[in-house]
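Quick heads-up: structures coming right below.
Heads up, the next two complexes both have chain A, just with different partners, chain B and then chain C.
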Partner chain A sequence: MSAQALRLSFTTAMRADVGFSSLFVASSLYLFVTTAVSTLWSVAAGDGSIAGYTSTMFVWYLATSEICTIAIPQRVLHVVGETIGTGEIAAEMLRPVPVLPFRLAREFGKVIPKFAALACLGLIYATVVTRTIPSALGLLLAFPSVLLALALHVTTIHCFAVAAFWFRDAGTTWFLFQKLLFVLGGLLIPLQVLPDWFERVAWLTPFPLMAYAPARLAAGFVEPWLIALQLAWIIGMYGATRLAFRAGERKYMRSDG
Partner chain B sequence: MQHGAAIDIDRLCRRFTTGRRRDKTTVEAVNGISFSVDRGERLAFIGPNGAGKSTTIKMLTGLLYPSDGEATVLGIVPWEHRRDLARRIGTLFGQRSQLWAELPARDSLRMLGAIFDLRPTHVDQRIGELGALLGATELFDRPVRTLSLGQRMRCELAAAMLHQPDLLFLDEPTIGLDLLGKKLFRELLVGLNEELGTTVFLTSHDVSDIEFVADRAIVINEGTIIYDDLVKQMRRDLLATKRLNIVYQAGVVVDPVLLAKPGVAVTAVTAVTAVTAETIVIDIDTTQCSVSDVLTDALRLGPVLDLTVLDPPLEQVIEEIYRGQQ
Partner chain C sequence: MRAVQHTLNLAWREAWAKRTNFWWSIAIMVINDLVWVLFWVIVMRRAGDIRGWSTQRVLLLQAILTTSSGVALGVLGSSRRIVELVSTGTLDSILSLPTPTLPQVLVRRIEPVHLGDTIFGVGLFIALGGLTLTRGGLFVLTTLCATVVLTSFLVMLGSITFFSERSEISESGFHALLLFSAYPIDIFSGVLKVSLHLIVPAAFVTGLPVEIVSEFSWTTLASLVGFTFAIAVAATAVFAAGLRRYTSGAGWTTS
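Coming up: the complex of A and B.
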């Protein structure tokens, strides 16, 4: 398997998914959610802070966490599951390379145009609204952290979608994934706002690293260990997904075809 | 098992179990089939839905383990070395695309080239060669979603042939194509086989695909091979009947007696509507009389509004085979 093939898979997907309408929809959704929720927070926090987040910090938090989720179409898990469940995955299995790395490169490639558009929008939005940057270093760390969050997100989606090899349908796991991400990922509310036990449970899963980690960095908390943890989870999740995919392919060859 | 054959199958079986616990039933999708395909041969592997064609193709491409039996494809056991085999075979499934809809086919071809470890200069050279061979050079630069189905299938064929496979598996490649598209696609397949020596393994429901592309036909039904012979022979045995549907302008007096010659049977003369047109259906035994002779006579009867020449449906061919066996 060559790096050239992975690179081309990534860049081809990136170019294929640049569409004005999808970027427009993503941007509109982004601005709406970010404005609505940060307004609520500023009303609740007033001049003070909630769980260590002032209104300014929260705008940066939310602007970043929303990039991490809106850049990835949530139906992607369903689509990956359908590709497996309906047997369309066979076309990918008929290539002389492992299926998973190419799927990941391709799906990650699709995310990049939306990430780029939303990152520009988010940077302008948060700067205009708050007229300040909580921490330049934090913001600098947030950029690679968002990319790692997206990579972890795409990998975890595939880990959930593997269920379709056995159940033919990833609809249930899609639903479960969305709820877990929403609750444990700190999408709209930082984890510190949740009860201690809940936060401890969240850290046992990869979900906080898909949104909360980069958002916290952008909010001004300079905690580089979050990036190290993201890297560790990506490696672990990739290994687990690869094993699951292999088992799924064997199952497919034994009983489905 | 023969050595040096492109495909060699020996008593290949595939059973599927469906249902749970008490309701469990076992279906023999492929039931001990044996045959071999020579390198450079063009084989049509045909049968009705559920006959076992796709299951056989899946085993031969390494997507499915067999329940029993052996098979080698280009000397490789497919289900043991699927990725090694993938470098040497091309696949084209009529319903599934290898190309990105939003991008020009050239981009997808370059990506596929990288997947097959071809050097970028070699990929561009191959794209040029295939473009010339398939008459698709200018199509490669248009987004795939803007192409007609026939044009897209030419690009799909280029994708399947990019890495110069020794063997091409085609599963219903002409499905959905119009008459001209089918004709062109069949000519391309024959051209590829003659120029590059690529072995062709074709499944289709369309009897014409078999007639115009294959040298040999294997008919499978309920998991068992029921016919295996040269298409020339099959044509003599089973595909000798053509059905002509002619719609004449209203007012034409259709006199079936004019068409009375050996091997010609006027099956029906139907008024389509009382005012507009009249249809005549003629079955021709092509071993006794040529289609063009009958057409010449039929055209003399009066102005023709519409005319179609039909093959016997596959089901009828299979029925004929059973009748012959009995």
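Coming up: the complex of A and C.
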């Protein structure tokens, strides 16, 4: 019953988000950002390299890291927080399915169509611009790694949104999340380019596994341990979010129920 | 014009009424802009000068962009909402007013979060040093031009809704202009660079203004002012042409 409900939630959300409008906006945004940032790094690297990345590697890195953020619906953390803060979550708590897995399945379902569109676009863009693939094996590993990055992203968003059970407004946490992903996640700057102490701090958080890990693989660095680390963080993050959700639900039922 | 000024006053009072939210939004945007400055400092430290762009010049670009986009999206921010105003029929209530429609549309709402951009941009410009009366004057003049270019482009994009039901291009055009304006124009080449002058006018939002403030020339200034004037006239004309085709999108008239 529960597995069937989750599958239904996933597929319904996936079908609902396949619309020309949302795919067009996401694809064009993806192309603009990737073109601008990869051109910048390519020009900066020139014929040499920066922190071990050549201009070709930068293009593949950024074409992949951008998928990991643009495939996630904008302001999703804000929306999840609002659902909790305004009490809409109460209706979801009445369902015969645990709230968290149900929500995760739905949000992940929304991500899949954009992931598919952007992955195709990214492949075409990076191939046309660089006319080469840094490493076929790296690229092969990058595909599951992007999916794991998206799963970790969605789970971590829910972990941040749990704050709304206590503060009623997750707007601030959404902003904080975006900045952390930008700075610590290696979204526009590979971690090796950052100062050493900064890179060490980043590895204490899950953010590098939401953008840097798949991007690094696509850039030609065959480091399968990144995928293992992603899996470990997903399990850990899911456990932590589930505990936090349960605590939040109990608090909600005591004060509002 | 008094009616437009009155609307602007009301919009300001509405934003100012929620004092905590006002300052909090500004603080959030300032932190956001600081992160971007950090990004550029890291890039420039690693790469050195990029095609003639030093750290100082790139930060000047950020100062001009944040100041102008802050005014365009914070004070004249409804230019981004034309699609919504047309498709929901909210425009009807503005049309019934005895004032020019476009200015009335533009000043309907003040977005404090973008005022944070303006405050940050001015602060960054001052922090960059070398402030003289001439340099300050050129900064104000070029920022004003950039604001008009940004707003006019958004009005033209929004006006597409009058002619076509597809509004996605409006959102994409907005992203393209802001994104490409944030990067030194000289890193781009070929068709893309030409497009950034002719199709998405990013060169006129930051490229030319930075050139004017750092290495003033009358020719560049004349190009910027001329283009600003031309795009403002074009935006007004496109919006007016769109209005002539407008039929209310309000639910009770379309059902």
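Some observations on this one:
Here, the second predicted complex is superposed on the first by the 255 of 257 C-alpha atoms of A that agree within 3 Å, B and C clash if a C-alpha of one lies under 4 Å from a C-alpha of the other, contacts with A are read in each partner's own complex, and residues count from 1 in each chain.
The rule is short, and it goes like this: contacts are C-beta pairs under 8 Å (C-beta built on N, C-alpha and C of every residue); 3 or more make two chains touch, one makes a residue touch a chain.
Remember, predicted model here, so these are calculated numbers, not experimental data.
When the two structures are aligned on the shared chain, A:Tyr238 is found in touch with neither chain B nor chain C. Legend: residue contacts after superposition of the two complexes on their common chain; A:Ala44 is shown touching chain C, with no touch to chain B.
After overlaying the two complexes on the shared chain, residue contacts for A:Phe115 are found with neither chain B nor chain C. Contacts of A:Ala36 after superposition on the shared chain: chain C is touched, whereas chain B is not. In the overlay built on the shared chain, the residue A:Ser2 is in contact with chain B alone; chain C does not reach it. Of the two partner chains placed around the shared chain by superposition, chain B is the only one that A:Met93 touches, whereas chain C remains out of contact.
Of the two partner chains placed by the overlay, neither chain B nor chain C lies in contact with A:Tyr125. Judged by the touch definition given at the top, the superposed model places A:Phe182 against chain C, while chain B stays out of reach. On chain A, the positions that touch chain C within their shared complex are 20-21, 24-25, 28-29, 32-33, 35-36, 39-41, 43-45, 50-51, 172, 175, 179, 182-183, 188-189, 193-194. On chain B, the positions that touch chain A within their shared complex are 14, 16-17, 55, 58-59, 61-65, 79, 82-84, 86-87, 91, 93, 96, 98, 100-103, 107-108, 110-111, 114-117, 120. Within the complex formed with chain A, the chain C residues making contact are 28, 31-32, 35, 38-39, 42-43, 46-47, 50-51, 168, 171-172, 175-176, 179-180, 182-183, 187-188, 192. Residues 2, 4-5, 7-9, 12-13, 15-17, 19, 88, 90-91, 93-97, 102, 252-257 of chain A are the ones touching chain B in the complex.
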